[in-house]
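Take a look at this one; I'll ask things after.
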Amino acid sequence: MSLATAIRSDLRQTSPPRGTHACRALLRRELLLAWRRRSDVLFPVLYALIVVTLFPFALGPEDALLTRISGGVLLVTVLLAMLPNLESMFRGDLEDGSLEQMLLAPQPLALLVLVRVLTHWATTTLPLIVVMPLLALLLRLPIEVLPVLLIALLLATPLLALMGAILSALTAGTRRSAILLALMLLPLAVPVVIFAAGAVAAAQSGLPYLAPLLWLAAALILALVLAPFACAAALRIAVET
Amino acid sequence: MDNAASRLGQCAVSSIRAMPISLSASAAPILDVQGLAFARNEEPVFGPLDFALDRGETLLVEGDNGSGKTTLLRVLAGLLQASAGEIRFDGQPLAHDALHGQMVFLGHQPGMKNDLSPCENLAFLSGLYGAREGADVGSALAQVDLAIYADTPLRMLSAGQKKRAALARLALLPGELWLLDEAYANLDRRGIEMVNALVASHCSRGGAALLTSHGAVRFADPHARHVRLELAA
Amino acid sequence: MNIIPLWLHKLSSPPVFYRFAGALRPWFLWSALILGAAALYGGLVLAPPDYQQGDAFRIIFIHVPCAWMSLFAYFCMAVAALVAMVWRIKLAEVIAMECAPIGAAFTLITLITGSLWGKPMWGTWWTWDARLTSELVLLFLYLGVIGLFNAIEDRRRGARAASLLALVGIVNLPIVHYSVLWWNTLHQGQTVNLIGQSKIAPAMLWPLLLMVLATHLYFVASLLARARVGLLAVEGGKQWARELIAEKADA
């Protein structure tokens, strides 16, 4: 057997790989996984498309009405479309044991979590934002408001993803985790929705919209720093089964 | 040969210890456990345990299903916090962050993504943990006889092949202490011999390994240094 | 002084706390009931009707103390949650988890009384007033904590997970409050304040403050009672719990 050959190696690694190297390895893994499951990317987009199509049927095709509600409806739709993917963010890792391997790695778990969440956002929600102009067209959003909506989404969705990651880690492995996640996410999502929709509504009325966007940006920066630690703590609790 | 058997609560310890062949005298055992106990929901899972694992030794923890072997391993790895007792690593009280990178943990599950191939999985793990000198993904897969399936997604492999892929980690990642849960599960005779050879070569280079198993397993080398710990369910 | 930490350490032992809480609870409960009755008498009977709202304003004697208690309970829960997460003290975990249902109940009462108040005020059972909306979000926070704790089989792990959630929630609480306030001004153009006037007549003030005190005392009494039950649930297999149950069975 080939095992008879001795391995001339040092058992103890004197210096573990640096954080950046580990992050790159994790990034590569996440992108590979997203590519292998690329049909999963379609689901949020389809869901959003369905919801957006239903609204004119429910409320009538009158342009003025649709224009009035389009900003809010699009935001809520994006949030709802994010939910299923948020809920399953860590479930797979918990089930196949790869979460434990990340936990036991020499790198800080918070760093790995940050990379994980951001790649998750990039592969699941970014396509949704890319499709946003089409959805905005369907709901008669004025064209000049579209950039504001896109910026608001680019700030709000990573924020929601970071907060949702903490909640997803807390509910990983529990029964009925989907409804539990939605219940827990609502209070955290309220300020985000308020500010994002506030910016869009202000832009629509021709009022200054910078302030709510800046609040969103500040919240996003805060979440980028703090949420990974909370998420790491939640993952350590989740693994204790 | 020291053959001591004693009953401690629910455990029976019998140790077969031969003189270490080519080990530098290391003062403290790599793992020293005193009075370790774990309870879940106020139900004791395993009772007060005392044992020590020196470098070059292999400890086999045997017990029936549900006797707490997996829990013991997870406590030692730092995934769970013990209800009572003390663990010392290299003589120092265990600070689990310090343990990361000096241990290879093989849990119940393969610890790999089903959608990726063994090669990609191992590349990721070595990106996190590093690799031993002279070892790389290819050589590790060759050691577990999985080179042919290096690029097949794990989902398409059999249970035994998945186990080999998980075991390839042992040939790739650095770490003095090996904690292997159900190392022999899903393996045929050749696979079992492969695990024994991996463990034997690891221990002969000064590492230590702690394995759990629910069945009696004959080590390939009857002179291997091993300590048997029996957990009664 | 070493006496206080020593006493606290002794108190965190479940059997000791069980007896301590059992002894203290009747005092808190009865003083809460007596003061509450006095406050209600003062508020419902003695206080004159409001010049603007007539007799409808009297609901503030329940609404406002309950609103304050819903926030106070969350604060208590967050403090206990912090202790539970940092030091893993079983008693802290139990207290944190038992604060949640009490707080949720107070929040629900706040919402219902707010709704009842809204009917004579604006002719509607619900309004998206800033305060009521914040209370609704608070209710969701409580329900999340309760739901998460009940969804995890291992009680101690569930308590730790729900404690983390409670801490995340308390960071979010002021953010929610101010964002809802802003949202309200954005869409309605003016803040509608349920209290009405900022100055409140003395005849109305003392029943209100007395009621606030009474609700605090009731909260403590309820928490002590629930914590005892929670401790028994966590420690069921232990010696002291079994002895206790055997005693009660014999009596």
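We call the chains A, B and C, going by the order they appear; numbering starts again at 1 in every chain.
Criterion: a contact is a pair of C-beta atoms (placed from the backbone, for glycine too) under 8 Å apart; a residue touches a chain by one contact, two chains touch by 3 or more.
Worth saying up front: this structure is predicted, and the values here are computed from it rather than measured.
Look at the CA centroids: the one farthest from the centroid of chain C belongs to B. Annotation: A-B is the more contact-rich of the chain pairs A-B and B-C, by number of C-beta pairs in contact.
Central chain assignment: A. Criterion: smallest distance from chain C-alpha mean to the mean of all protein C-alpha atoms. Chain A and chain C have CA centres that are 33 Å apart.
Centres computed as Cα averages put chain A at a distance of 36 Å from chain B. With centres taken as mean Cα positions, chain C sits 49 Å from chain B. In chain B, the residues that reach two or more other chains under the touch definition are 81.
Among the residues of chain A, those in touch with two or more other chains are 240.
Looking at chain C, residues 154 sit in touch with two or more other chains.
The residues of chain A lying in touch with chain B in their complex are 1-4, 6-13, 15-17, 21-22, 24-26, 28-29, 32-33, 36-37, 92, 95-98, 100-107, 112, 239-240. Touching chain B in their complex are the following residues of chain C: 88, 153-156, 234-238.
Against chain C, in their complex, chain B makes its touches with residues 40-43, 81. Taken together, the chain B residues at the contact with chain A in this complex read 77-81, 100-103, 105, 107-116, 120, 123-135, 142-143, 145, 153, 171, 174-176, 193-194, 197-198, 201-202, 205-207.
Chain A meets chain C in the complex at residues 163, 166-167, 170-171, 174-177, 180, 183-184, 186-188, 190-191, 194-195, 198, 201, 219, 230, 233-234, 237-238, 240-241.
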